[in-house]
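Chain lettering (A, B, C and D) follows the sequence in which the chains are written, and residue indices restart at 1 in each chain.
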Amino acid sequence: MHESWQQFWAMGGYAGYVWSSYAIAAVVIVGNIVAPVIAHRQIARRIKNEEFDD
Amino acid sequence: MLSVFWAVLRRDLLLAFRQRGVLVHHLLFFVLVVALFPLGTGASPSILVTVSPALIWMSVLLAALLSLQRLFKPDYEDGTLEQYVLSPEPLAVIALAKVLAYWLASGLIFVLASPLLVLLLGVPVGAVPVIMASLLLGTPTLGLVGAIGTALTLSLPRAGLLLSLLIFPLYVPVLIFGAGAMRAAIEGLPAAGALYLLAALLMLGISTAPFAIAAALKISME
Amino acid sequence: MVETHYASTQFTIYLQRNGVGVLAKSAFMLWLHRFGSLPYFYRVSRPIALALAVPGVLLAAYGVYGGLVNAPVDYQQGDAFRILYIHVPSAWLSLFGYTSMAIAGAVALVWRLKLAEIFVVAAAPVGASFTFLALVTGSIWGKPMWGTWWVWDARLTSELILLFLYLGVIALHNAIESPRSAARACALLSVVGVINVPIIHFSVEWWNTLHQGPTVTRFGRPAMEMAMLWPLLCAALGFTLMFGWLTLWNMRVQLLRRERRSRWVKKVFSDA
Amino acid sequence: MKRPRLGIRNLSCGRGENALFQGLDISLVGGEAARVLGENGAGKTTLLRTLGGLQAPLTGEVVWESARDTGAVDDPVLLQDELCFVGHDNALNAALTPVENLDVLMRLCGRRVAPGRIRDTLAELGLKRLAHRPSGRLSAGQKRRVSLARLWLTDAPLWLLDEPASALDVDSRALLCARIAAHVAAGGIAVFTTHEALTLADVPVRSIELLPC
């Protein structure tokens, strides 16, 4: 229950701790989403280009 | 089943005896790590006694890591491992025999050498029996668990660092209870609880690890 | 002694040997077999991933919103407790992920099910990253609460060792060249690891009570208010669904990597 | 007496994911030898390892029907009890003598052989003076002969031999051929790969051709 936006961002003096936690979490989750998508694209391209045909 | 167990045990002990130079190296490694430590911390007796449980157990862990790498490697390289897998007897029995031979040739030596080393570190004589008992109960478990790791990394040419990553987390309970028993003995507290827990871990290891080792060997052979 | 070598490589043999007496079991096997069909899995995994992603993200977002905005300030911890809305779900996922890997690993070893092997390999990096997240957020939360970034508290130490177990699986997979052996080795390692997880936790707790004088947490655990608890549960459920989504995508990549030379993969990509 | 049979049905094998050969169908009965043909890398060793049960096939099955077993015919169970497998590697530890090595190898197959008999067999193969020397000091051909001595000590009906004649001189090769022929003539089965010419007198030798897929 925050009275104002300013208060919300201040997190009762714990802003650094709270927001850095959430930032790291966002980075980890986005990384987990992006990595397989990139890897999938890469391997799909290599299969289409027939790079694995001996 | 028993006859294969004895045959493999006898073979590996014979090999250990023929290559006894290697055993001396393991022992020297153990002694050197312990002997060099005071040079790093300073020779204050109180510090040495306090850290001695960690020191002894960490050097046992490192020595086990180094020696375990060769547990199945020669057999893998010369084709004997194929014959183990093809034996009509269960592979787990053969694996247990190999770990027992390994322990008799290396772990037992650490147990026998430990009194000398802990006395060097200034540990009271009264604590020595408990320390030996903890090593006696703990080192076979290290061999059993480590054998799973070394069997999994068998096909890799250089597995040393990977092996440490695989097995050190699994060694945590032995390290805790082993060093715990030792510390309790040094402080004059009852150490029976920790020793019982070490014995329980050993029983669990003997009854389950051979099957895991056998499965790991088969995976590495494919 | 007789050893069965090719136990259950073929479903038909399984049926022949066991007859109709185990029909229920067989029905389960049939389902496994159908779902184990790789092209089928590749096709359906995409909509399934989407079906997990949408409610997962919504639930997690709702949980985090509830935790950050709606939940009242904790009278002891102030606003710092809002870190727990990612810490607790991450910590839950770290355990859930490893356990699911071990179950899949056991299935892979017993039935030689390729998808189960792939699951182990695919879940490891996701689980490891959430374990990492749990550790980092735990220590960030700990700084204002305990006055230090790290304490050798039983739960934190166990979590750290769990991270090492995850890293072991990932490293083993990277080290072994043959994808099949690598996946099977990881399956076995995760089974061995999961047996050890409770033992490790117990031993660390035992060690902790022995050496930690005063208790590390300054606060008791009063019953949580519903307004605080409810978002936490939503976040945990949302994270779990997201874990399934992310792991499915990893599985698709691993599957293509392993099957890249097979006819069905080529067909999928030549049609597209 | 019933004859043993080795059935191979729709077998495809490979290293890792890639099939080396597929759709292999053949049935061998006691009294038959089979030579595995194929180029380098066609999967000859892989086939022998699969037959022995060292690795699982990608598809298909291997059926072993024992002469003493009256049980189910189609069970894909291979009795390792009845197998003698001489692999690519000699399975000799360098620090053990030929006698010690052979003693352990025979015990692993569940057969205990008197040391005297091992010594006699080694003498037969011209290795009498080397019987108690560390195996590591033997030449490649001598090591191969020690490893092959198992064929004189075993009573297993199924032999799987991977390049048994590699590094052997002419005389030893003749001895080996005679031994395999005698085993097959007595109702056994031998499956082997070879680059050298191995002529087995008076027994049928079938060909297993591995075609790359």
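As a convention for this text, a contact is a pair of C-beta atoms (placed from the backbone, for glycine too) under 8 Å apart; a residue touches a chain by one contact, two chains touch by 3 or more.
All values derive from a computational prediction rather than experimental measurement.
K.L.:
With one step meaning two chains touch, work out the least steps from subunit A to subunit D.
P.N.:
2
K.L.:
Find the chain most remote from subunit D, comparing centres computed as mean CA coordinates.
P.N.:
If we average the C-alpha coordinates per chain, A ends up farthest from subunit D.
K.L.:
Please report how many Å separate the Cα centroid of subunit A from that of subunit C, as a whole number.
P.N.:
Result: the chain centres lie 18 Å from each other.
K.L.:
How many angstrom lie between the CA centroids of subunit B and subunit D, rounded to a whole number?
P.N.:
37
K.L.:
Could you grab the centroid distance between subunit A and subunit B? Build each centroid from C-alpha atoms only and quote it in angstrom.
P.N.:
Inter-chain centre distance comes to 43 Å.
K.L.:
Could you work out how far the Cα centre of subunit B sits from that of subunit C, in whole Å?
P.N.:
Subunit B and subunit C have C-alpha centres separated by 31 Å.
K.L.:
Give me the residue numbers in subunit D that touch at least two other chains, ranges are fine.
P.N.:
53, 56, 79-81
K.L.:
Would you mind listing the residues of subunit A that make contact with two or more other chains?
P.N.:
none
K.L.:
Specify, in ascending order, the residues of subunit B that touch 2 or more different other chains.
P.N.:
Expected reply: 88-89, 222.
K.L.:
Can you name every chain pair that touches?
P.N.:
Pairs satisfying the touch definition: A-C, B-C, B-D, C-D.
K.L.:
Subunit C touches which residues of subunit B in the complex?
P.N.:
1, 88-90, 148, 152-153, 155-156, 159, 162, 165-166, 168-170, 172-173, 176-177, 180, 197, 201, 204, 208, 212, 215-216, 219-220, 222
K.L.:
Which subunit C residues qualify as touching subunit A in the complex?
P.N.:
So the residues of subunit C touching subunit A come out as 64, 68-73, 78-80, 82-83, 86-87, 90, 125-126, 129-130, 132-133, 136-137, 140-141, 143-144, 242, 246, 249-250, 252-253, 256-257, 260-261, 265-266, 269-270.
K.L.:
Could you please specify the touching residues of subunit C with respect to subunit D in the complex?
P.N.:
1-6, 9-10, 13, 16-17, 112, 178-181, 258-259, 261-262
K.L.:
Under the definition above, what is the set of subunit D residues touching subunit C in their complex?
P.N.:
Contact set of subunit D toward subunit C: 15-18, 53, 56-57, 59, 61-62, 74-81.
K.L.:
Hey, which residues of subunit C end up touching subunit B in the complex?
P.N.:
Those in contact with subunit B are residues 1-3, 109, 161, 164-165, 167-168, 171-172, 175-176, 178, 180-181, 184-185, 188-189, 191-193, 195-196, 199-200, 202-204, 206-207, 210.
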